Amino acid sequence: MLEIKVPSHEKVLEHGLAYSLFALWPAFLAFFTSFTTILVIWVHHHLIFTQVRKTATPLFYWNGLLLLVVTFVPFPTGLLAEYLLNPEAKVAASLYTGNFLAISVVFHGLWRYVSKSEELASSTISSTPWVAARITRDYRLATLLYLVAFGLSFISEIAGISSCLLLAIFFALRGWPTKEAG
Amino acid sequence: MLEIKVPSHEKVLEHGLAYSLFALWPAFLAFFTSFTTILVIWVHHHLIFTQVRKTATPLFYWNGLLLLVVTFVPFPTGLLAEYLLNPEAKVAASLYTGNFLAISVVFHGLWRYVSKSEELASSTISSTPWVAARITRDYRLATLLYLVAFGLSFISEIAGISSCLLLAIFFALRGWPTKEAG
Amino acid sequence: MLEIKVPSHEKVLEHGLAYSLFALWPAFLAFFTSFTTILVIWVHHHLIFTQVRKTATPLFYWNGLLLLVVTFVPFPTGLLAEYLLNPEAKVAASLYTGNFLAISVVFHGLWRYVSKSEELASSTISSTPWVAARITRDYRLATLLYLVAFGLSFISEIAGISSCLLLAIFFALRGWPTKEAG
Amino acid sequence: MLEIKVPSHEKVLEHGLAYSLFALWPAFLAFFTSFTTILVIWVHHHLIFTQVRKTATPLFYWNGLLLLVVTFVPFPTGLLAEYLLNPEAKVAASLYTGNFLAISVVFHGLWRYVSKSEELASSTISSTPWVAARITRDYRLATLLYLVAFGLSFISEIAGISSCLLLAIFFALRGWPTKEAG
């Protein structure tokens, strides 16, 4: 899926292999940011579904939508890797941050649907409302911060991408309250 | 599998990145239509196999055939993405809709084989014949509508592809009667 | 994995899209032959392992070797798709048939190891020796026939590839004797 | 993931198909070395996790880090395949061996974390300390040998890569002591 292209022979002939690899840093940055984000998404998806007691048709649509926006990630990742040093880098960066904003919106919706449904939510969520409330606050915050990252990418592509990277690391390190709630 | 190619530097140099991305709309359309169709196929495949009590050798051939026509999807998807704006777009569109027609024919065959076999069909299907009858009607209708989409693609590529997209959304939203039959 | 490349714009401009697609027939043939072969391998791998009672270290090496030769298949498939109409097509065809010969040799070895081991073989195999004997005969025949296909590919590339396709279809249709032995 | 590129028509026209394939030997070497290494990693990952009694948050980060360095392997593999015969091959070889060094460091860390934790380690590890000690020695040795391979790749690219290949084969053949400890 996420793929970094080997530098072309023309580039290596002109600038040397070491420099050509160094010049690939936008590709490494995009790869690393997308990798971390997808890992975090995958873990959160798992965490949400440990709180789901049974499946329902709307859950299928939420999951289908999530799969769609996640399957799309390699395209803006490749675009950013190719065009981060281009004068029009802001276009690539805003598609990239916009993709992550879309993911966080879908995640938020998926979680709201699960936590509000009497039928679907696990006993942990039903019996300890502060747990659901904290997760809801986290996802609302995530959506807001990805909106900021999206906005930033129109001003500075590096600011937008760095925000996405920091957000992924932040949500990787941030715990999930159901363990504490036991 | 489904992949959207990053626009080339020559194109971006000539038209700008924003326009080059906009010009990729056939790729986005093809990606989205194929994504939705494959998702629907995957769900229906799962639904059919919840109605199967045991496996049989002919089922293996039906599944092998289904896997073959589904594995082929990325090729007409890429072809359409590349040539939808070409004067010969109808060739690409008819291969694309033809691939989906083939999938619906195989699906129809797979379902007929499962539902007609005394041995394979689940108790839900055996005890409530109207359920099997409704699913059979749905798949017959699907094959017919994909045949129409295939025919349309020889007249207008956009009409053919739009039909495929609408059909995928229609079958995503349409329920499956075994739940109602309990 | 198995991928068919969309024809280039230069080719389409020169010959038209319909003809360019038609000229891809070596790619379709290679795709279809490799697809069928890999499907048959996957089913036979599953069938062998239903006859295995426990794992052992040498089994890991046999499986590793099998995975290696199967993972290699996309390369000769792509090579054949690209160079079947080239004057040197025999080189591509012999690598292709040679890859399948290697797979059949590894399969034969894997099966011999499983069936000869007192510890590993299932009760079906231990109690009905004619079942094991028939499977052994089948795999010996397969290796021999793939050797013939490999030899043929040095004389005629089409003869070599057609043999591989026919062999895959033959082994797809041929039953597995453990079911009859019950 | 690991992919060998079909030689271009220009190369085949100039040198013939047989020679062009022969000239791909760096790609075959890189493919085979990476394949064997990833297989060994996968088996060792499985072996470590048979010794883990429950999951913990730090394990998730160790696994995430391991996944990151393993997901990166196709890039240096492709780079080496493309540039092993280039005057600057040492740059490609040191990225390649450096990637494997990073994997062995992460593996070492993952294992240390598992074996030192009272909570996580299985009864085999807790009750037979020599088993854990031998695995720890093996992983320390592996890290050291990959460091040597990394160093060698700055002197001779072939020496560096051959070391990686020999190390993968060595660790594939070397047993795991928990079976002996029963």
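In this document, chain identifiers A, B, C and D correspond to the written order of the chains, with residue numbering beginning at 1 in each.
Methods note: a contact is a pair of C-beta atoms (placed from the backbone, for glycine too) under 8 Å apart; a residue touches a chain by one contact, two chains touch by 3 or more.
Here the structure is a predicted model, which is why all the values come from computation and not from measurement.
Of all residue numbers used where subunit C meets subunit D, under half belong to both copies. The two sides are thus made of different residues. When every chain is reduced to the mean of its CA atoms, the largest separation from subunit B belongs to D. Between subunit A and subunit C, the centres computed from C-alpha atoms are 40 Å apart. With each centre defined as the average position of its C-alpha atoms, the distance from subunit A to subunit B rounds to 28 Å. Counting partner chains per residue, subunit D has no residue touching two or more of them. Judged by the touch criterion defined above, the protein chains form a single closed ring in which each chain touches exactly two others. Considering their complex, residues 57, 60-61, 64, 67-68, 71-72, 74-75, 78-79, 82-83, 86, 88, 91-92, 95 of subunit B touch subunit C. In the complex of the two chains, the subunit C residues touching subunit B come out as 2-4, 6-7, 9, 12, 16-18, 21, 31-32, 35-36, 39, 43, 172, 175.
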